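Data block below; observations after.
By letter and in written order, the chains are A, B, C and D; residue numbering begins at 1 in each of them.
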Amino acid sequence: MGRDINLTVKLGGLELKNPVMVASGTFGYGEEYSWLVDLNQLGAVVVKGLSLKPKLGNLPPRLVETPCGLINAIGLENIGVKRFVEEKLPFLKQFDTKVIVNIFGYSVGEYAQLAEFLSSASIDALEINISCPNIKESGRLFGTDPKMAQEVTKAVCQHTHLPVFVKLTPMVTDITGIVEAVMEAGADGVSLINTIPAMAVNIYTRRPRLGNVTGGMSGPCLKPIALKLIWDIVQKMRVPIIGIGGITNYEDALEFLIVGARAVQIGTANFVNPKTSIEIIEGIQQYLKKQGLKDINEVIGTLRI
Amino acid sequence: MILEVATVVEHRHFVASKAESFHILKLRSPEIAVQAMPGQFVMLRVNELFDPLLRRPFSIFHTEKDCLYLFYKVVGKGTSLMSQWSQGREVSLLGPLGNGFGLPSKDVPWLVAGGAGIAPLFFLHHYLKHHGYRPKILWGLRYRISQELIDFLSKYLDNIVIYTEDGSLGYQGLVTEGVEKLYQITKPSKIYACGPIPMLKSVYDWLKNKDIPMEVSLEAQMACGIGACLGCIIKGKEGYKKVCCEGPVFDAREIKWDEI
Amino acid sequence: MGRDINLTVKLGGLELKNPVMVASGTFGYGEEYSWLVDLNQLGAVVVKGLSLKPKLGNLPPRLVETPCGLINAIGLENIGVKRFVEEKLPFLKQFDTKVIVNIFGYSVGEYAQLAEFLSSASIDALEINISCPNIKESGRLFGTDPKMAQEVTKAVCQHTHLPVFVKLTPMVTDITGIVEAVMEAGADGVSLINTIPAMAVNIYTRRPRLGNVTGGMSGPCLKPIALKLIWDIVQKMRVPIIGIGGITNYEDALEFLIVGARAVQIGTANFVNPKTSIEIIEGIQQYLKKQGLKDINEVIGTLRI
Amino acid sequence: MILEVATVVEHRHFVASKAESFHILKLRSPEIAVQAMPGQFVMLRVNELFDPLLRRPFSIFHTEKDCLYLFYKVVGKGTSLMSQWSQGREVSLLGPLGNGFGLPSKDVPWLVAGGAGIAPLFFLHHYLKHHGYRPKILWGLRYRISQELIDFLSKYLDNIVIYTEDGSLGYQGLVTEGVEKLYQITKPSKIYACGPIPMLKSVYDWLKNKDIPMEVSLEAQMACGIGACLGCIIKGKEGYKKVCCEGPVFDAREIKWDEI
């Protein structure tokens, strides 16, 4: 099926055999879902956010379900970049898919070190998370200040030959300013959106429902917001965009592609239906066929106003 | 770990006069049913919508050929939608998940349940008997349950002692009091417990200086059910534990009871 | 029922007999819902946003349903402030409820004129909308720039004796900066959140699903975001807050009050269940009774961390 | 305008072999049923969740004592959930909404329906006959409908001519062709039309220079259904019109057909 249909997309220095990836933090280190999902079919796997040192993460409870959404306050728990390369990467390398490593640090220097360390590992790209609402230590987020975002990006790009994508938070006054800043600093593209800062309260105990008080919301309710932010960027400049936020089926994915994202990531939907990413790839193929198109690139960025 | 479309074969509703009502859902789920072990659970999708968004976890209550049974209590949105399901309905099931209980080294194990916590212990009871053990079950309930449910359970369970808080069925009192009383007479080889945290805590408090192994089945809010999201952790003595894949069954001595 | 329970709340210069209002744009001019809702029971009615001149609004389609959300691009259609006072206000004045008028202009001067004009009408407060994502003419939104927000607020406050609330957009990098700015300018409080900029695409026509291309999202999916923004404010300063966003039942309303809002507004939920606001008032009363409390002010801002 | 909890009394499914299937839902809704006039509609809540969020609008198809009937086609999330409703289910209903059709000044009015657009015209047909008119119905369908549905409708409708695009039932062709043909033989006193926009447009194009009044029932995405949200507008010659309260029935000459 679909042999004659081209799904290959190019994002800066990264080429994917199809535009569908699984999002950081929602697919573990790939292994967890390998029982249910044929990783060979995916455009890429983005692994759980990694830091220099292992990180314990936040106190429980870490999850709250909301209408059409999920708030998480995992707190970026991870095994650290070193153990990842030793223990997890070999498994992922068995598959015919790109491996993108999501990283975060507490200082510009840490980002640079992470980039340098990972450049010698056999991975395909870096996604730098400058937008996780769950890092408390960092005080003001890197992702909300164009200058800081630029500095971090520059530091990473100077320390790696790998394609670099910067993952953005939606909660900024002007998304295009941030995008300009990170592209100037040498990024290959941007991925957005990360979760939206959110909160929930237990009215009987009058306490927050998350151990960390606040968290980040993901899920279907994000889609209309993410689309609009991507549209804001597309109207102003040509830059490789990875669309993320609330994608649950091929129709959702196509909305992002039509608006101008060149690839998409599936997050929370993996929990609901682990086969979402595979079904989306198939759905996109069917759609192209029915529309008489032969190449996904004929769809990307073709919104008619 | 299997993702399977199961079919509702039978759905029985045990509605008691006061408060808590229980439901038993029989699902044809050939692949999961044959693999399931006591203490494991499934995550099911309540509907095809996104409200509620996440799958719901339920212990495997019983298996029978290509079918598995769930035993649940209506507590919110998802379970009340489930209670409307009728025969023939298709349900997306992910399972069997989690580690399951370990066998006791010798007879006689005690199974201590609170409310819907009977679910995994019912399966365990059946399994233990099959392996030649003579488990005792102590079950604590808030109120009495319907006679039909008693009849249903009696078909499968012997050696069950029921406690209700208001004394409307079985003995009056908390099931933990039952454990203490029974201990005056006889000793367990191992304790398995599942139920509300305060109940588990008080059983553990009572037990902790005795030389009896104890396994508990714990709950946590879950998203993925398979160890990928890191959302379902509880505090163990050696750091956080993922309930979905490092549990839901834990050695009671590994848990930081005063911090959960 | 509840005679012995106090629901009165004070927000700056405005006192409400209970903290439950209906939100601007979701309750018409009050009359439309008066068949279904006893307006006498409401804390206040906030009417559809008004401008100096009548406004036609955006091209259809103006509505798109999303999971747990609604995107609207009404484009602030309204009959103008003059006709409102002549034709709609007399009806509202028959009821024992406060009337809050939501206003928007295309320049600081217009806001001032609106304030001046309405000060002679018999209304109870002004809510200034500096955050509607559907005004295209205004270019950059007043609500995202602390300086602009301050200027508008100052102009309004100088031209009215009425209590003034400033309605804020969630899409800013730093909400507290905006709040500080408008409070300094003389506002009695802030109301938040307005809708979130959003978008939807028809993948078969590859066209936007709204006549205006983009719109504002409202509905249950907003609640966790609104709560978090209010929490950001509450942690930094003491200011009268009207909580808005996705409230559908008394539990939701109480979450806002516990976090620190002194009142709430019900928007999209009116469409789903027109009696939502009334049921919330009853629900809050029941809750207080069950909790052994006698005054809603014993709940406001009592989140335990 | 009433907000009422209605109860499903009967639900009939007319599933045709190819594509379009129709459903008739009978609801006990005493207060709304007695007030309903042809052309008016109700907005119903599909479930108690927020996905789908908004109420769905449906024309009143028929009334009978304290009951009203809806006639609907499954097109998406809401209607497919509805199609699973069974007897006894409670449904929140808001209605009757909208303006309704006006009476014709004299006989014989023609009722031109496309697909589910039959719904309000069925009610109108009944009403007109009751008032001594002898309305003709022309109904255009994509494919044939089930025999049961034909039988059901025949009980109520005489003087109906059916057109299907593929000729599998009644005449082959578009219903607009039927209108033109019939016009060779006889003239209508007024035309009432409900159906897809292209159908309405072509009937109007054909009619516009003739001296025959025409009313159309239009659709728009709705949120409130009562004129409060300003979401449901269409372009009229004299500015925007709210479909929910200034319509859904409009004088065809008031609509800007080339801009909708």
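Throughout what follows, a contact is a pair of C-beta atoms (placed from the backbone, for glycine too) under 8 Å apart; a residue touches a chain by one contact, two chains touch by 3 or more.
Because the structure is a prediction, the values reported are computed rather than measured.
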| item | value |
| --- | --- |
| If a chain touches chain A and chain B alike, it appears here | C, D |
| Chain pair, B-C or C-D, that carries the greater number of C-beta contacts | C-D |
| Chain centre separation (chain B, chain C; CA means) in Å | 46 |
| Inter-chain centre distance, chain C versus chain D - centres from mean C-alpha coordinates, in Å | 36 |
| Distance between the centres, which are taken as Cα means, of chain C and chain A, whole angstrom | 33 |
| Cα-centroid distance, chain B relative to chain D, in whole angstrom | 52 |
| Overlap residues in chain B, where contacts from two or more other chains coincide | 49-52 |
| Shared interface positions of chain C, touching two or more other chains | 64, 66-69, 220-221 |
| Chain contact graph, described as a line, ring, star, complete graph or other shape | complete |
| Residue numbers on chain C that touch chain B, as the complex places them | 67-68, 220 |
| Residues of chain B defined as touching chain C within the complex | 49-51 |
| Sites on chain D touched by chain C in the complex | 1, 3, 45, 50-55, 92, 94, 220-235, 239-240, 260 |
| In the complex, chain A residues that touch chain C | 64, 66-69, 71, 144-145, 170-174, 196-201, 203, 205-208, 213-214, 217, 220-221, 223-225, 227-229, 231, 246, 251, 254-255, 258-259, 287, 299, 302-305 |
| Residues of chain C that touch chain D when the two form their complex | 25-28, 32-33, 35-36, 48, 56-57, 60-70, 72, 74, 77, 219-221, 248, 268, 270-275 |
